Amino acid sequence: MYSAIKEEAYACNMLLPKLNLVLFTFGNVSVADREKGVFAIKPSGVPYEELKVDQIVIVDFDGNIVEGKFRPSSDTKTHAVLYKHWDIGGITHTHSSYGTAWAQSLRDIPIFGTTHADHLTKDIPCAAPMKDDRIIGNYEYETGFQIMDHFQENNLDYKEVEMVLVGSHAPFAWGKDGHKSVYNAAVLEEVAKMALLTEQINPQAQRMKESLINKHWDRKHGAEAYYGQQ
Amino acid sequence: MYSAIKEEAYACNMLLPKLNLVLFTFGNVSVADREKGVFAIKPSGVPYEELKVDQIVIVDFDGNIVEGKFRPSSDTKTHAVLYKHWDIGGITHTHSSYGTAWAQSLRDIPIFGTTHADHLTKDIPCAAPMKDDRIIGNYEYETGFQIMDHFQENNLDYKEVEMVLVGSHAPFAWGKDGHKSVYNAAVLEEVAKMALLTEQINPQAQRMKESLINKHWDRKHGAEAYYGQQ
Amino acid sequence: MYSAIKEEAYACNMLLPKLNLVLFTFGNVSVADREKGVFAIKPSGVPYEELKVDQIVIVDFDGNIVEGKFRPSSDTKTHAVLYKHWDIGGITHTHSSYGTAWAQSLRDIPIFGTTHADHLTKDIPCAAPMKDDRIIGNYEYETGFQIMDHFQENNLDYKEVEMVLVGSHAPFAWGKDGHKSVYNAAVLEEVAKMALLTEQINPQAQRMKESLINKHWDRKHGAEAYYGQQ
Amino acid sequence: MYSAIKEEAYACNMLLPKLNLVLFTFGNVSVADREKGVFAIKPSGVPYEELKVDQIVIVDFDGNIVEGKFRPSSDTKTHAVLYKHWDIGGITHTHSSYGTAWAQSLRDIPIFGTTHADHLTKDIPCAAPMKDDRIIGNYEYETGFQIMDHFQENNLDYKEVEMVLVGSHAPFAWGKDGHKSVYNAAVLEEVAKMALLTEQINPQAQRMKESLINKHWDRKHGAEAYYGQQ
């Protein structure tokens, strides 16, 4: 019944080590079936080299297990909250080195060049670490709201900005399906690396000019986009 | 009719992931047949692992598609302008990490050592980001002119300096054929990495002395060059 | 008689090059059989690609060779001291790049994020280089005591903090068995890399807040831990 | 007649790409037969993936070709000078990233830890770039003398310090045979990387204490060395 999203979730999770986005089990991907109101997610703590399709867990948008013998990723409730409130089809969470370092630095990643602007027109946002009541409470559930609150307070559109850093923690990325969320997680890591190198080469480096940001965004995502095949 | 340049363009594009110069589809190589006035270039947005020779697109030096069912790289017009005005046989564009970081920093890469001088006697130039009228206009077409203008204003010879950084964007490299352009793109990335490391080790590091620059250039490219086989 | 720990020691040592934690022979793993009061350790100076199970050496907790034709790792006495005084089942020593750089810097690795807090709630401690009498004396034996003294003086619990930097030298990690010690050595290296990157991105970066440290530790190691499978 | 050194030179050259010490053809290894007064060296500019044993060139200690159809490495005369004056059996030259960056920085690599002290008790020396008369003259020949002069002026022993940085250029390493010279080139690169990281983590980092330097050197190279097998 859920084999399509289980297969995609398996395939997407296996991309994380291939793209050098995880050490051991420090990451997870989920894929949603929005019509059925469920998502497929990696079981918690299972090494990638041992992961099998039938270990993938099916969970609803309130975080309840629907199918599966394994315990789902410890970050499952964060995924559930985002699926419940945002119209997205896949979520990737990693502790990739550069993205995590920016998250630990509590800084947004400045938009320095076209590699970044090809994917979003804003700095990659860094949500503040949660207040203590949220941490002590339903932590992973609140992480989802911490992300959404940050987007709302900063007028960010989750359809355009498909990635975030959670302060003192690590990146989350999402997209229309699982593969797009993995793609975004890899873009975030590469942009995070380039941004640090840019500041090391030129500590006075400035955000790129708005006209160039908009041009690169438009050519890939605008009404008359001309990147890729139709 | 164009099978030779299509085959070389395919082979050269496949070198980019092998040499760690691209993430996903962030790069492209073209190969020209100057007699026929056309070049072969990667189709836009096609992943390297799925790329096939018959997807390569043939374009003339004004940027018109001559043969091929796929949409060519979004950077095609930049390639066309350079082929039209410069006597070169191959062009490589990447978003390689270190080269792109220097481009985002808006700095020329200083010539610190013989690895650099074996390939060119000048700092690797960084062209400024374009003025808004160029960006809003025919962007990729103007990128070619931005590069050529920078060479002209700085008295640089494209036959000696076979690479450039486009400010806020990324590197372009070229050469007598496709393989040489890929080679130059890889040299640029390695030299860019070493130059950052050099400044980190010694913030007062100076450009190497002229006599040594000229010696290394001459032994590889001078009238009595003695590097490589005849 | 010792085949179980020899097999595990062999397998764990072979993980070091796979995890990019060693160059040449700069590392070693041992695995203890606490009931028999012995441990299995890599022979000294044997390249990983030539290592065989029957070359593994069996040593008692005083550092005496019990079985094996090869000379054991030059760090054997450090392992022996730790096994004798601490209830642990495996030890990994590497010269991994980032961990070693922190050791050479004589600094503890600050706890900047959840990747760190998922594994320990303290900064990763750096023991000072030994006083000259210890160095000139029974050096590797004293290295074990230097580590234990540092834990005692700083009220650190080796059951929670399963890793240490030895100043001017390199990391040691341990755990309930050999595989856990290798896992900890890899975690140390990744956390060490992220911590340097964090300080480069934000020189004013602060340790993460205590409530978040405790939450991440508890969810993985607390009485009601919910990470991984039961 | 020279097949032994040709085979070893081939094998050693092929280690350079495997150990990530070269991009393209930016490096070479030679192996000497001191009784016959010749050495075997890589042909100039031949890509590693195309290199064959019978392309290896035999050269005498004055730099004259003794056997081989190919032009030898452009650095051949530097090798010849060192073999003529020093009792060594192998030489490796690379443009490895970190070693080259230190050479471009014109700084010795400080001895920060035991990884370094296991191999030499001194900072890794950086010879100054040559004076113009040497550069304009017999450049590669003079490079050999520039290295030897630096050792003499600084009372360095080439039997202990088996590596050097040539300022504005790159590293050279040597040893009793070809494999030892490649090993030393790889050690230099790793130590160079760690030293930069150390200064980034702690800009006030100091050279390690003399007693610890001597202990680590002695345990590997002293009269009562106890590292490795007999």
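Remarks
Note that the chains are named A, B, C and D in the order they appear, and that numbering of residues resets to 1 at the start of each chain.
Please note the rule applied: contacts are C-beta pairs under 8 Å (C-beta built on N, C-alpha and C of every residue); 3 or more make two chains touch, one makes a residue touch a chain.
Chain labels with UniProt names: A, B, C, D = L-ribulose-5-phosphate 4-epimerase.
Being a predicted model, the structure only gives us computed values, none of them experimental.
Most remote chain with respect to chain D, judged by CA-atom centres, is A. Counting the residue numbers used at the interface between chain A and chain B, under half appear in both copies, so the two copies meet with largely different residues.
Centroids built from CA atoms put chain C at 46 Å from chain B. Computed centre separation for the pair chain C/chain D is 32 angstrom, with centres defined by C-alpha atoms. Taken residue by residue, chain C touches two or more other chains at 200, whereas all remaining positions touch fewer. Taken as a graph of touching chains, this assembly forms a single closed ring in which every chain touches exactly two others.
Contact annotation for chain pairs lists A-B, A-C, B-D, C-D, with touch applied as defined.
Every residue of chain A that touches chain C in the complex is listed here, in rising order: 23-24, 26, 43-46, 70-71, 74, 95, 97-98, 100-107, 129-130, 132, 135-136, 139, 168-170, 196, 199-200. Taken together, the chain C residues at the contact with chain A in this complex read 112-115, 183, 186-187, 190, 193-195, 197-198, 200-202, 205, 208-209, 211-212, 215, 219-220, 226-230.
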